[in-house]
Amino acid sequence: MKYFVRLGDEERVIELQRHAGRLTARCGDVVHEVDLALVGDGGAFSLVVDGTSYDVVAEAQREQVVLQMVGERFVLHCEDERERAAHAVAGHKAGGKRELHAAMPGIVIDVRVKVGDAVEEGQTLVVLEAMKMQNPLTAEAAGKVTRVVCKVGEAVAGGAVLLELE
Amino acid sequence: MSDPSKPKLFRRILVANRGEIALRVIRTAQEMGIETVAVYSDADRTALHVRRADQAVALGGNKPSESYLDIQKVIDAARRTGCDALHPGYGFLSENEDLAEACKQAGVEFLGPPPHAITVMGDKVEARKCAMQAGVPLVPGLQEDVDAAHLVAAAKQVGYPVMLKAAAGGGGKGIRIVREERQLIEAFELARAEARSSFGDDRVYLEKFVTRPRHVEIQVMADKHGNCVSYGERECSVQRRHQKLVEESPCVALTPELRAAMSKAACDLAKSVGYVGAGTVEFLWSEGRFYFMEMNTRLQVEHPITEMRYGVDLVREQIRVGAGLPVSPVPEPRGHAIEVRVNAEDPDKYFPSLGTVSRINLPGGPGVRLDSAMFRGMEVTPFYDSMLAKLVVHGADREQAIARCLRALRELRIVGVTTSLSVAKRTLESAEFVAGDYDTGILDRIEKRAAPRDRELAMLAAAATRFLLAERAGATVEAAAGKGDQPPRWALLGRTERLRRTMP
Amino acid sequence: MSDPSKPKLFRRILVANRGEIALRVIRTAQEMGIETVAVYSDADRTALHVRRADQAVALGGNKPSESYLDIQKVIDAARRTGCDALHPGYGFLSENEDLAEACKQAGVEFLGPPPHAITVMGDKVEARKCAMQAGVPLVPGLQEDVDAAHLVAAAKQVGYPVMLKAAAGGGGKGIRIVREERQLIEAFELARAEARSSFGDDRVYLEKFVTRPRHVEIQVMADKHGNCVSYGERECSVQRRHQKLVEESPCVALTPELRAAMSKAACDLAKSVGYVGAGTVEFLWSEGRFYFMEMNTRLQVEHPITEMRYGVDLVREQIRVGAGLPVSPVPEPRGHAIEVRVNAEDPDKYFPSLGTVSRINLPGGPGVRLDSAMFRGMEVTPFYDSMLAKLVVHGADREQAIARCLRALRELRIVGVTTSLSVAKRTLESAEFVAGDYDTGILDRIEKRAAPRDRELAMLAAAATRFLLAERAGATVEAAAGKGDQPPRWALLGRTERLRRTMP
Amino acid sequence: MKYFVRLGDEERVIELQRHAGRLTARCGDVVHEVDLALVGDGGAFSLVVDGTSYDVVAEAQREQVVLQMVGERFVLHCEDERERAAHAVAGHKAGGKRELHAAMPGIVIDVRVKVGDAVEEGQTLVVLEAMKMQNPLTAEAAGKVTRVVCKVGEAVAGGAVLLELE
């Protein structure tokens, strides 16, 4: 089975195959011998790649895989060839609309823009107070505010839509 | 476990705090045979400090102002449960002179300095005046409260970059650095707003921003008989957003002479205000000189690195001096200690990360200490600060301590929220930290991404994880058919089979 | 994390063991920048030592004889992975001279003494001869192997009570006390059988059983240059079935003179056999005198209490002296340390308790160390010994160490198997232990049941637990009806209602 | 609801009642105010009795409750009044037959009795090797061996019946 794995701006195609119980992973021209065992209650894995051992904690939710290993935490997107094919069909319909989400639950302290405002990348749009810190939420890219959904003093849930931009 | 024939120093201590520091105090009190009373907000009903204390009193509410910051409720709880002492921890009311005063009125020993010392040191402007009088060097700047009208002129006079600090602040909260005049007004408004919401006092003062500074602080302990001792320094320059992330002791930049001078300055300052209990005098170190920043009139988050080096229990000492005993002799320090704070936060954006802690793997073995009130199933809520744990290690020397800390960081796993662990790891691995020649700007220079080799590995591991999970989903069907021992032939199942045929 | 400019002492160490001791060695090697290779049986594929090592080699099989005891497989693994050193841990092959010899042949440094020292000390009869020659006092008894024919006469000559010990034994395995002649034959057969199955050598010897003895041992470390140092003593008298349960250091019964004499005797013995590495000389202490028991030619389970007092890493020292470096200077010891072994066993019957560890709450805070390879979801199998963890605490003095240990014992929870924790707790609380005036019979005198107050409380808690669970089962129904916030009115549900009506 | 709680050879009747949200426990003449809260993922409880706090880990399997608290581990039998009534009906049929169970998985090293033997309380019947230790399994009471189910050298599972006695 082929997997398309994305980490940040990098993507790799990794093909896993099991023959007679042995698992191999092909990454480009390199083939690794892989031994992966689920630990006890699940959620943790013992991964041995070409004899080298790694202690892995993994959370997999559909195509998102979060790994903790080698002292790092990785958030990866990983689809198998079947999923990739399905997405290729479903794709091609993402519009230019974007939303500003509350990165955490908190209280809206300030809304710095109004509908119709042009915003620049990095500009502070909303200030959210959470855990005693004031956290400015900034525009990921330049655009125009099409809708303001939150107001000052409002308590918002994590992930709540605060603004819509185009 | 205590000798029943010995009189106890206190009968019962109210712990006016939550989280790891409340647990920290409870642990020592238990070891001294002193009972503890926990107080808690609604959100904290099942928190570990509630479960581990001998008694628990509900304060009600979720917001700090309705619970841990409500002096009347806290004092009432102490009275009702017959407490004869109160430990404020850090944060919340720990540096509130009204609480200290209320304790006095209620006949409850406040395990901290007298109200006057809190008042003076709690006001940055007053504290600087006091330090000046005690002969402690200061950073150039304005010691008065600044208002918007004089702000631009004042900043110009001191010279950019400048710092804006909440007069009532502490713990890095309410501090802003301003590099250019055009950022000044917005930063001032934000600093004021944070100061108001965090401390209920929006006064802000301004000082010069020292170049390549190190944050070095001295731990002192004073008793009621006029003695004050120093437990040496802690280096706390690894900070982001003025929040400390990694602390170590000793500081490689100090000579024995400088250490002695700083210790003396810290003790002189403490004595000049009639200090009692544990306190920390924070200095900026720059190019071999030191400048007074502020005095924190409470136990510091990073106190365990001092405890590990000196083999002392600072909470025990707080309780002892609070009961009127003289400070114990200070043992010779041994080795090197490092603390890493583990925060629930997105390490890229320093955003708090909320959620449920669903799995914890704790580090162990030689020289490792973990202070935490975290437990599996715990909700990380927006009500309180984001620190989940403090990982503290001790080694015979700095090299061993760094290696041990990295080893323990690899062992520590927390699932359910994102943490700052990887930033700490990359800091400890950085050439700058290893060399010891760093300053408070170090985190801006730390590599943000994992090493390429580790990234490649993670991509392989992600694919292998998904493969195994798919296999196991298939294996379940196989096992039901009595073929569980065979390598699962999930490729033969359903539509997967169809896709497989198209593969080489 | 190690300075890349410094040459490493070894490139790669094979850890020929499992469980917490394998992890212990891996941790130190990692801290020294030395790679490790784990070996594992089929049952241990996902064991923590496998996951934490840099490399992992399957030995196959589940029984020790097919895996961890198979010298050829272990040596092959070391060769194949390019290891230049091997650490044997304790138990398994750690005191096997054939492994030490095979390492020599393979050009792999055995991190333990030379084969000759193992041979001599591994044979109790030879070891006693050797001690006698080195001027170390012995317990009266027969030093030869005993056979069934001469057994009854020999026991009569030494005088009851007598002890039967496996000549090749260690760790308390294969030891029987016989108080009367009529028990002698059965005990002898059991001791022989255990000796055969545990050590593959059924020779048994006999000695007088000393009254009110304490088990006190000296930790030594010898280098290849003829130096041998002592890290003082460990008191290990809290034993059941000759298995240590609680150890402490220092031993309250020793005077400085006696400590010095025992340390000298231990070093003299080690030097007399050309010893290298870590070793422990076990003595019986009785009424102010000490007698040689045996020398364990390996790291001891309870070595961490020594590490905590001295601030040293004994595994690091093993690796250093193995690489030919001289032993490091011994620091001054500080405070008091206690270790509690946490075994998966029924504390009443000392039966192993098997199952899956489904929940673990680890202790933390100041002065607490936990060495364990246990993890949530781990199966406790009958293949290996029953130790799950070692809880080690350090305090400024014995009183603080005991109080801290009790505090940590209350914090440590393991669900899924029964453990020996409660026995340790009651031992540390006992007047006998607190006074320090105890001997190896202490566990027979420890209260077997929890205090009446705690028992009453447990009965109340059990009822409350069942009540809450029943309520919640009802609450689920209520919550679905949108009344989740109300106190669940489960009494109104179904047949419970009917019963309720009959209540007053 | 009334509970009949047994710990070793002691039994207590404890009655729990909730009125207006407050939970009380009556043990004989004493009434306690009880606040019990389930912690996070379940299995742990915060118990406050008359203001005194306890950290409890509990496993409840029907009527068996295993508690870890105050540094102790308690195995209790706890039935509510409904269960007690049901058992009273079902009871009265326990015969004089007893079984010797393997307390743990292991290998049978020795069987010291045969069918028809009279045994005394405390007498060693079978020796089981597990975890490198030889564990003698003894008779809980005097009786007579009616059946021997195991043989020397046999590997047995934990809880397996080894002998039947009368």
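The letters A, B, C and D name the chains in turn, as written, and every chain counts its residues from 1.
Criterion: a residue touches a chain if its C-beta (ideal position, glycine included) is under 8 Å from a C-beta of that chain, and two chains touch if they have at least 3 such contacts.
Remember, it's a predicted structure, so these values are computed and weren't measured experimentally.
Chain centres here are Cα averages; for chain B and chain C they lie 36 Å apart.
Inter-chain centre distance (chain C to chain D, centres taken as mean C-alpha positions): 29 Å. A straight line joining the Cα centres of chain B and chain D is 45 Å long.
Shared interface positions of chain C, defined as residues touching 2 or more other chains, are 52, 359, 361, 375-376, 406.
Annotation for chain A: residues 38, 44, 54-55 touch two or more other chains. Chain-to-chain contact here is organised irregularly, matching neither a line nor a ring nor a star, and falling short of all pairs touching. Pairs of chains meeting the touch criterion: A-B, A-C, B-C, B-D, C-D. Within the complex, the chain C residues that touch chain A are 38, 45-46, 48, 50-57, 81, 356, 358, 375-379.
Taken in their complex, chain A has these residues touching chain B: 1-3, 5, 7-8, 10, 12, 14-16, 18, 20-21, 23, 25, 27, 32, 34, 36, 38, 43-45, 47, 49, 54-60, 65, 67-74, 76, 78, 80-82, 85, 103-106, 109, 127, 129-135, 158. Here chain C touches chain B in the complex through residues 1-3, 23-24, 27-28, 30-33, 52, 304, 307, 311-313, 331, 334-335, 359, 361-362, 364-372, 375-376, 394-396, 399-400, 402-404, 406-407, 411, 428-429, 434, going by the rule given at the top. Per the touch definition, chain A reaches chain C in the complex via residues 37-42, 44, 46, 48, 51-55.
Residues of chain C touching chain D in their complex: 173, 190, 193-194, 197-198, 241, 346, 349, 351-354, 359, 361, 382-386, 406, 409-410, 413, 415, 418-419, 421-422, 425, 449-450, 454-472, 487, 495-496, 499-500, 503.
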